[in-house]
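Okay, so chain A shows up in both of these, paired with chain B first and chain C after.
Up next, the complex of A and B:
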């Protein structure tokens, strides 16, 4: 027993490295109270080491710790997305005036970011319902504290309270759903649940109620309508770096967990004579329609409400709700193509969304505002920054030649291949709506004159420009050369315990 | 009268409903948190009852232990956040804490 556990430890080396890093960061802050630069360097070094050790997990497809955790290409893919976004967030925090103002507790800040990272890395691999719940709670608990990190600010405190109440409630409901599933099937292992469900012996009404309860937990994590109420307030009130982190990494981890639960629990793998790469749901489970309704509601509401927003952070919150709606479409398709489309979308989303938040952060550092009206005439004061923001926004809309186009294109193609043209049309119409509010920002920056014409050009240090370039270049690169990304997603789609 | 699985399930369903009711109707943040504790404990009763009565395995009891630990951690964090809110707003009424709005 001990031998197997020790053996399995070699498969979670990336997680162990990040865990060690977060301990070191906390200690380093205690020893040298002065240097926040040291903390950044330590965190970045640990994260790059974790990224490097993730590459040795390529091609491994096993189950570890007596079936609790799956180490498969699917998990490895999402772990890479999470670690990459953590690296970007740590660098962004370095440049954030809002975070650096809290010099006294800056060690805790990096500690919280890294522990969120560990929790999410376990989330994407967990294949047991109780481990899913525990990792989801671990990542949520740390994000409650992180979103209230600037304790002095009223809105940050309010954000953390709202996040706490919604989060604790949703995950409590999810836990109740898990307990019903346990009663119905006698196991918490998702593959074991699948075996019982395939036999059709579970009571159907109880199963529907339990599935809805579990969906509440997932829906809260990925902020799908109607479980999205916390999102705008938390995104607006939390520090900008945390908002960016929640909108990318937290959403990616939630999606990965949901996709794994969905595919391993509800797919009947005994059915033959299907086209390659497509699946069918277990007889009597109608979760496909439910997901379809959720995704259409999510993107439509996200886009329609975003139109009225004045605060850019809040606008990006609604836009990220809408983006979750597009990504949910990839689950509705019931095929490997749909899943790989979601994975491609997340890589693209990582660069464009973090990029947009990064520019908002740099501008907020200088003009102290996130209001769209204050962006008037910024195009003349800093061409590079505003052009970069324009590219990110065009990419979020999904127009060529940016990476966002490829992400949306893959999702719509997989929908059309599955003969769901109607849903694809709704998705495209939604993109058109989103064009309106993204373009409004670009119009304010370039076509409107600012209040004071005399203000000089805003200058930025070289390091900040390099980080911006490293987000901008992939956003354009993946829009033109996407073959390798697509192939990587297609080989990473295999989940342990399903065909 | 022998006590069966059904009795436990009814108790837990009642607890769950009471928790839900508290979360929806109470405006005091502490009361909402107590409602959430009720929901967590109702799930715990379910886990324990299923594990004990259907003679399946001890997985359910393990789950309950983890949930109890987690509930303690959550309560600690929740109270810290509510305390911080009280310092800023001088109230813990969730209706009055709304400076973030559309």
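Up next, the complex of A and C:
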């Protein structure tokens, strides 16, 4: 037993590295309370080391720790997304006045980010319902604290509390669902659950209730409508860096976990006569329709409500709800290309969404506001920054030649391939709606003049520009050359324990 | 036919020269305004020179349309190549450019209109770098649409134009520019997402043998999408006159119709035109509207011949509405620019009527009308721009008697006006006559009714001429100056084209004839063929 555990440790080296890093960061802060720069450097070094060690996981497709954890290309792919976004977030935090103002507790801040990172890395690989629940809770608990990190700000505490209450409720529901599944099947291993379900002996009604309950937990994590109510308040109240992190990494982890549970638990692998790369759900599980409804609701509501927002953070919160709606479409199609489309979308989303948040952060540093009305006339004061934000927003809308187009395009490819034309039409109409609110920001920046015409040009240090460029270049590059990205996602689609 | 400069195909040069110009413009310091202007002019003039070279070398006997071997100046490189996995075929997208008789006139038109737009933008002072950079980017998008033969590439270029256009109207436009810009953007985006879905449906219905690997792959190659033999049986768009084929055609049609614009999708046009700066109106009317009809000819008709024939009458009917409705609206306008905008709706109706006829005369007439409308309407908008620059008003009733005050201006103006009316001897006559001639064979009564539009056109045009140029000059315009040499420089080339094509239309008809015939035959032949069997 101990031997297997020790042997399996070699597969979670990346996670171990991040864990070691967070310990070191915490200690370093205890020893030298002054240098927050040191903390950034330590975190970045640890994260890059983790990223490097993730590359040795390429191609590995095994189950570790007696089936608790899967080390497969799918998990590795999402771990890369998570670690990459953590790196960006740590760098963003370095440049954030809001975070740096809390000099005293800055060590805890980095500690929290890194522990979220570890939790999410375990989330994407867990293949046992209990481990899923535990990792979900771990990542949620750290997120609650992190979103209340700026303690002086009133709405930050409110955000944290709201987040906690919603989180506690949804994970409670999810746990209840898990217990029903356990009662029905006698196992917690998702592959084992699948084997029992395929035999069709489980009570149908109980199964539907259980699967919906579990979906509630996932839906909360990815902020799908109608489990999204916490999102706008938390996104608005939390520090900008944490908001950005929640909108990308946390969502990615939630999606990965949901996709794994969905595919391993509910897919009937005994059906043979399907075209390659498509699957069918186990008889009696109606989760596809539920997901379809969730996805349509999510994107439509997200987009429609975003139109009315005046605060940019809140707008981006609703926009990220809408984006989750598009991604859910990739699950609805029940095929590998739908899954790989979601994965491609996440890579693209990582760059464009973090990029948008980063620009908002830089602007907030200077003008001290996240209000869309305060963006008037910014185009003249800093062309580079505002053009970059325009590119990110255009990419979020999904217009070529940006990466966002490719993300949406792959989703629609999978829908049309599955001949789900109706839902594809709803999807594209939604992206037309989304243009309206994204373009409002662009309009304020370039088409309107600021109140104060004489305000000087805003300057930024080189380091901040480099980070911006490293988000901007992929956003444009993947829009025109997506060969490798698509190929990588297609290779990575294979999940342990499913065909 | 092949033409290479520095080992790069001429079509690539044509398309990406403006981007090169854009980069240089962005590098020029803000203070050097004239350097920005001259650079932009240089690159657009170079584009015209290239387009002219292509025009002269263009082999008039080759048809193109659906045949890759007779596409001219073609360039084919692999762009995206996602290797296939067990469950998903490979994605192959080519950088495929080429022109035939349908696109050649459009390429020429785009080059000329872009160059004239740069000249007409000489007076722009507000964020001049941004303006010219966006204008050049727009130029690339337009040119790319007309030369690409890969649907994905086409779509990218199609969408690239949206953003520059939004900014050009929204930043440099008139008082209601924001409204006009966002309306334009939302309308066109709505059209293009429908186009996107139709494109994907086509993609999954068509497969060809990949010469490199020998496996069957889906393709975005437009020419492959036109060949019924390439359609997979049981795919979404297989068969003939199926409801899916009709739905895809209609989705595509809406995408193009918004651009043309065809009634009832036209409401963005008057707003955009009125608010846009002169140069942008010129581009909008001169080139952008042609993309809609070009898309019908290049994509919708040959890929959905059954639907095209099935919906020919409704299409012609929409053309008829455009002609009459546009003319009536124009008649009611008090704003000079809005009047021209509605006359544009009316004249594009003639294109629709002509191409809906599905015979050689109609097709040729429609295609020539696309070119002629591009030049004539560009002239009209420039003329409005000239007077607006001086008087800062466009109210038709504010003027009168300009003929005496501005004789040169009035001379150019009358040529443009009479060309728009369709006076014999000027280019508009030929194309309108051909369109009606063709349409008459297919839809007799509709054509007779549409021809009434010519009378209306003459009505509002002459009435305008009377209100603005004849009569007595109001006191306040006593110090108006006549047209200057820069303004003449942009109007004279167009005037020459309008006159030459009026006297010797063969110059352009010659280029289009083979392709128009081939397109008509191809659509007729395939309209009764079941796709994918």
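By definition in this document, the second predicted complex is superposed on the first by the 499 of 499 C-alpha atoms of A that agree within 3 Å, B and C clash if a C-alpha of one lies under 4 Å from a C-alpha of the other, contacts with A are read in each partner's own complex, and residues count from 1 in each chain.
To be clear about the criterion, a residue touches a chain if its C-beta (ideal position, glycine included) is under 8 Å from a C-beta of that chain, and two chains touch if they have at least 3 such contacts.
Just so you know, these numbers come straight off a predicted model, no measurement behind them.
Q: Per the contact definition in the header, classify A:482: touching chain B only (first), chain C only (second), both, or neither.
A: After superposition on chain A, A:482 lies in contact with chain C alone.
Q: Touch test for A:159: chain B only (first), chain C only (second), both, or neither?
A: So A:159 only meets chain B here.
Q: Kindly classify A:401 by the partners it touches after superposition: chain B alone (first), chain C alone (second), both, or neither?
A: Once the two structures are laid over each other on A, A:401 reaches chain C alone.
Q: Check whether A:179 is in contact with chain B, with chain C, with both or with neither, and answer first, second, both or neither.
A: The first partner, chain B, only.
Q: Looking at A:233 after the superposition, I want to know if it touches chain B, chain C, both of them or none. Which is it: first, second, both, neither?
A: first
Q: Please work out whether A:374 is in contact with chain B alone, chain C alone, both, or neither, and reply first, second, both or neither.
A: neither
Q: Would you tell me the residues on chain A in contact with chain B in one complex that are also in contact with chain C in the other?
A: Dual-contact residues (chain A): none.
Q: For chain A, which residues are in contact with chain B within the complex?
A: On the chain A side, the touching residues are 130, 133-134, 137, 141, 144-145, 148, 151, 154-155, 157-162, 164-165, 168-169, 172-173, 175-176, 178-180, 182-183, 186-188, 232-233, 236-237, 305, 308-309, 314.
Q: Which stretch or stretches of chain C touch chain A in the complex?
A: 80-83, 85-88, 91, 127, 155-156, 159-160, 162-163, 166-167, 170-171, 177-178, 181-182, 185-186, 189-190, 193-194, 196-197, 200-201, 203-204, 236, 247
Q: Using the touch definition up top, name the residues of chain B that touch chain A in the complex.
A: These residues of chain B touch chain A: 9, 12, 16, 19, 23, 29, 32-33, 35-36, 39-40, 42-44, 46-47, 50, 54, 56-57, 59-60, 62-63, 66-67, 70, 73-74, 77-78, 80-82, 84-85, 88-89, 94, 97-100, 102.
Q: List the residues on chain A that touch chain C in their complex, please.
A: Chain A reaches chain C through residues 275-278, 335-337, 340, 380, 394, 399-401, 405, 409, 412-413, 416-417, 419, 421, 424-425, 428-429, 431-432, 435-436, 439, 443, 446-447, 481-483, 486-487, 490-491.
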